[in-house]
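Shared between the two complexes below is chain A, which has chain B as its partner in the first and chain C in the second.
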Partner chain A sequence: MTGSSGPASMGRAPGFVGATLAVTRKELRVYFLSPMAYVFLASFLFLGGLFFYLGVALTGEASLRATMSNLAVALIFCLPLVTMRSFAEEQKAGTLELLMTAPVPLGALILGKWLAVLALCGVLVGATGVYAGILALYGDPDPGVLLTSYLGLVVCCAAFSAAGLFTSTLTRDQMVAGVGAILLLLPFWLSSTVSSYLPAWAAPVLDWVSFLEHLRSFARGVIDTGDLAWFLGFTGVFLFLTWRSIESRRWR
Partner chain B sequence: MIEARGLTKRFGSIVAVQGVDLSVGARGIVGFLGPNGAGKTTTMRMLTGFLPMNEGSAVVCGFDVFEDPLAVKARVGYLPETPPLYPELSVGEYLTFTAEIRGVPRAVRLARVGDAMERVGLRGFERRLLGSLSKGYRQRVGLAQAIVHDPPLLILDEPTSGLDPAQLVGVRALVKELAADRVVVLSTHILQEVDALCDRVVIIHRGRIVGDGTVTALADAAGAGAWTELVLASADNDAAGRLAGLPEITSVEALASDGARKRYRLRGGPGHAVAVSALAAARGWPIEALVPHRASLEEVFLALVGSES
Partner chain C sequence: MSERVHWKRRLLTGANAAIVSVFVVAIVVVAVDLAGRYRLRWDVSADGLSTLRPETEAVIEAVGRADKAVKITAFSAQQKGDEAWVKDRAVRDLLREIALRTDAIEIQFVDFDADRLTAERLGVSRYGTVVVEGPDDRVDISDRDLFRRNKEKGWDFVGEPVVARAVHQVLTSSRRVVYLLQGHGERTVDATGPRGLGAWIGLLENHGFEVSPLDLLRDAEGAAPAIPEDTHAVLIVGATAPLAPVEEEALVEYLGRGGRLGVFIDPGGSFPRALDLFGVRTQAGVVFDTVAVFPHEDRPVLRYGAHPVTEGLVEGNVTTMVAHAAPVDVAAAEGMVVTPLLATSRRGWIERGTERPAVYVEGEDGPGPASVVVALEATPPHPKVNAGRVTRVVVSGDTDLLTEELIGDGPGNSTFAVNVVRWLTGDDDGLWRVGRPPGVRRLALSVGQLRLVQWVVLAGLPLLAVLAGAVVWWGRRGR
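Entry: the complex of A and B
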């Protein structure tokens, strides 16, 4: 029975990279054909413009330090708009069955979806390049600091989208997945705010949990390997949980 | 094409499929028949590698579903009960995507997509959005994605459910055509569909296979085999006894008679109709009708399912 007859075109798996990119292309196509991507971009850029103006006008310094941490917080609320549909909708529409019965490794499926969210974030981060342009036009910003600030924003996108993908695997309901992602991300923002009210021993732990603390070095123009590792670890953990979640759903 | 042994699937405490053995050769249409909730979909999902089995094993297209799922998936075309479509995409975009994830090489992708559309009657629909298609055309797109990589095995879960009569005829004809050069396994709860399409029927009830074979073989096994209706315009009173005395006849059952006319339900081996007409001629009974009846699938199904419960 091995090697059943058939034309040369059949019986191949697309390969990991090919499958990943096919999924990414499909995701991006669906994003830009549905209103969600535009709602995400518009809401984020509105907030971004506001934060940029306030940040520069209030501090009077030609840097994106304040803007970036505010934008990162805005991502907590905007990025779930994009990630909430990714697995929830596939489960609801039954298209997950298509993807899971095609010769696509689960890792390629998850990576493909994550890369699509990241590409959308790339459009967004690219659009905020206007701020850097304005700073360069009217002030004298440090280009190195600008670059690391942007890198900080990118690693935030990577981490938050992984968390968003994870909550999207837990339910067939997009809204639940979206709100779930926000609720999941909130502690990683608020923990440093809470830390000042808690006993001294707890403060460093809570600070460590907060992404804002890890974003500081990027805003200062430093790439701290510990902080970078925090974001990459966060991303890795949630991509892994996404994988585990889908695997375990098959058994139920 | 399929060698499954002892397939079992449990959802919590519910046993959806229990000890299903199935062997499917290299040609033909096999129908999974059973009421809703019998375990047809679950069995198909295990064969396609969508659901892992709790027990048992399945070798599909020469590869073990559990050990080598990607190799199996590359060789199977699958249409779930609801066509898995993205309403935002156009027919062409969607089929190109499904060809990509099925590993159709770039060089032949366009040709394969065009060929699949041609075969299911979607020519000229390339730019139509999937969300705007009628149910029958969605089903066609679903079939097109299942054959875009030209798989030797096609698994179709209720391919005609929810279609209107015209679409139904179209899809059935299409399935028959697709089966010319591949194996098709389809599920249905419509008996006539199996009768019209399938070379072989596998009857599933409460997660178990209760019958497997051709409709005729199943009928014999279920004791609901073919019978002959005999109507005599007039006959002697001992006609039933004389009929039963024929060596070719195994059973005689008198049916309601009106006046002199007598009706019988006869069962017997080959040539029994000839023997009956010879007897009637010899006795001077005018035969009004001698009609062979094939057991309907309904009778077979009820006999099998009835014996199970």
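Entry: the complex of A and C
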């Protein structure tokens, strides 16, 4: 939202949905008119291509299973590059105070930014549709598994971007926000892999908080309400914390 | 003073915000946990990848009803190429599906290299072992029973029925006693090496059998030899000397009261005369077929007969290997049901000459199809069966199919060797099935096509993104 124009300059106060969409459009314009989105897309597609190629060459399976879990790891490192500027830059430029006094509900501002990141991820996920096309061209992939694999990737994007937005509210430094997001997400990724090194009672807890465990069903062609609820809860918690973090500026 | 009031107000507001935040997060965690406990699952995959077999579901339900502690500990596969990843993934997937259906089964996946303590505590020394523990029993499943080599030199996971069977075993924990007759040159219980029965006996023990040696003459200690009362089946494997008449009488008496007998001999071996009463006889010669396991000419690829023992093997389309086998023949009689379990095709024959490569010689060799393993059931009015209990007998013209070498080499041997004993002992409710492995959809890519894919995904797509960025930059430059 950095720049001369913002929701405050939109004339009459828009409704919550209108304001959210206005923020989303504005953020998307910033993304796609700057090199950031393209650098992000190119680097992610290179990593994704590498994982896809290695998966195909090593296993020979007409499936995105290996690729998807690796893509999710890549997202942990790449998505903070996008989310790190969301609020950190506003704080550094001093525009956050302006936004908070503008007739835009704080929730709409957060949701708008989050939806913009999600839309960027949508472009990204759409681009990886080429992988599914290749599988269909040279094999007979299970369409149900492909569908749920993509669903898993989308819920990952939603969760990671919410966490990224949260860390960007904590600091004025974009790099700190980006690294903070990675450090916040990594334990959720690694928790199930370290559970075997810890006492048995800790394993269920670590498995429960693990992204990996909640992605397994999606990778096997299963839509599981328990896993969907987990990702929804994770996303909701971090959007809520983002809201609380910005709101705290009013009384700090 | 006003500074202090301001500070106190900030503290109070901050504490209030923190408490509300913690409260909201706690509510979300509880809600998500509840959603996980009462989850709904839709398997939308065309291959039903996450749908467990009905028998597995039944076993899981049985564990819940029995209210007994069952624990499954799976050890990781040996980290060798992408093999371990594929194997560990398959085992984890199955265990997760089980864990999602019940809390009654405790699941643990252990990194074999990292957690040697657990391996030592359970006495596990091999990668990929799955240990199923119940209150009174334990079954160790080896990697070999969980996976099968496929045509693409990869691994197919066939472990679901094996794990289900093991859980069922530890739940019921009923030990069935099987005696291995000794004293006539038979293969012994403790014989090891490729020609030993160690692998087979290990499998039987894992399936709830107690395998003990039985020397009728020695154990009788002067009295008339008799088959012990706790016997579930008697097995004679590789006898080379005839049984004493008193031993034959004991066998006849045992079979007459619904006994269960498995006889495995090699060409030229000694055959118990008790089986003459059921019309069983072996013929001279060795079984051959036009299709054999290369490079062994005397290892014909045999066909399965329609029988509960072979049902799962037919479904799984896996071969049971025999080596240098004698033909077995059973004359039909009233009150008897005879089923060949393993037989040659019509092109097979009984070779009686010594020329190699062997060819069928009319008049000298016996015509096919020739049976190698036969199962028979006898009930009254069969003249030699008194009791109402069905007498069951399996006769095999080969002992090698039970050896460590062929159980390791033959994809169906372990299943066949266990199923035979399970059927004999009457434990034929849901015989161990190899089953059809879950379908793995594979790509058909030539080297050139793989290279094309490499270029498209590694260079083409990222370059397109860079190009799009360059176009935007070019359009906006100077603004």
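Worth a mention:
One rule holds in what follows: the second predicted complex is superposed on the first by the 240 of 252 C-alpha atoms of A that agree within 3 Å, B and C clash if a C-alpha of one lies under 4 Å from a C-alpha of the other, contacts with A are read in each partner's own complex, and residues count from 1 in each chain.
Criterion: contacts are C-beta pairs under 8 Å (C-beta built on N, C-alpha and C of every residue); 3 or more make two chains touch, one makes a residue touch a chain.
Keep in mind that this is a model prediction, so the values were computed, not measured.
Of the two partner chains, chain B is the only one that A:18 touches; chain C does not reach it. In the superposed pair of complexes, A:62 makes contact with chain C only, with no contact to chain B. Put chain B and chain C next to each other and count what each touches on chain A; the higher total goes to C. With both structures placed on the common chain, the touch criterion links A:249 to neither chain B nor chain C. Using the contact criterion defined above for the overlaid structures, shared-chain residue A:33 touches chain B and also reaches chain C. Residue contacts after overlaying the shared chain place A:101 against chain B, while chain C stays out of touching range. When the two complexes are laid over each other on chain A, chain A has residues 33, 251-252 in contact with both chain B and chain C.
Within the complex formed with chain C, the residues of chain A that make contact are 32-33, 35, 37-39, 41-43, 45-46, 48-50, 52-53, 56-63, 66, 127, 130-131, 134-135, 138-145, 147-148, 196-197, 200, 203, 208, 213, 216-217, 220-227, 229-230, 232-233, 236-237, 240-241, 244, 247-248, 251-252. Contacts from chain A toward chain B in the complex involve residues 1-7, 9-15, 18-19, 22-23, 25-26, 29-30, 33-34, 93-105, 250-252.
For chain C in complex with chain A, the residues that touch the partner chain are 9-10, 13-14, 17, 20-21, 24-25, 28-29, 31-33, 35-37, 39-47, 49-50, 82, 85-86, 92-93, 96, 108-111, 114-115, 152, 154, 440-445, 449-450, 453-454, 456-458, 461-463, 465-466, 468-470, 472-473, 476. Against chain A, the residues of chain B that register as touching in their complex are 1, 3, 11-12, 26, 45, 48-52, 59, 61-63, 70-71, 73-76, 78, 80-82, 84-89, 93, 97-98, 100-105, 108, 112, 145, 149-152.
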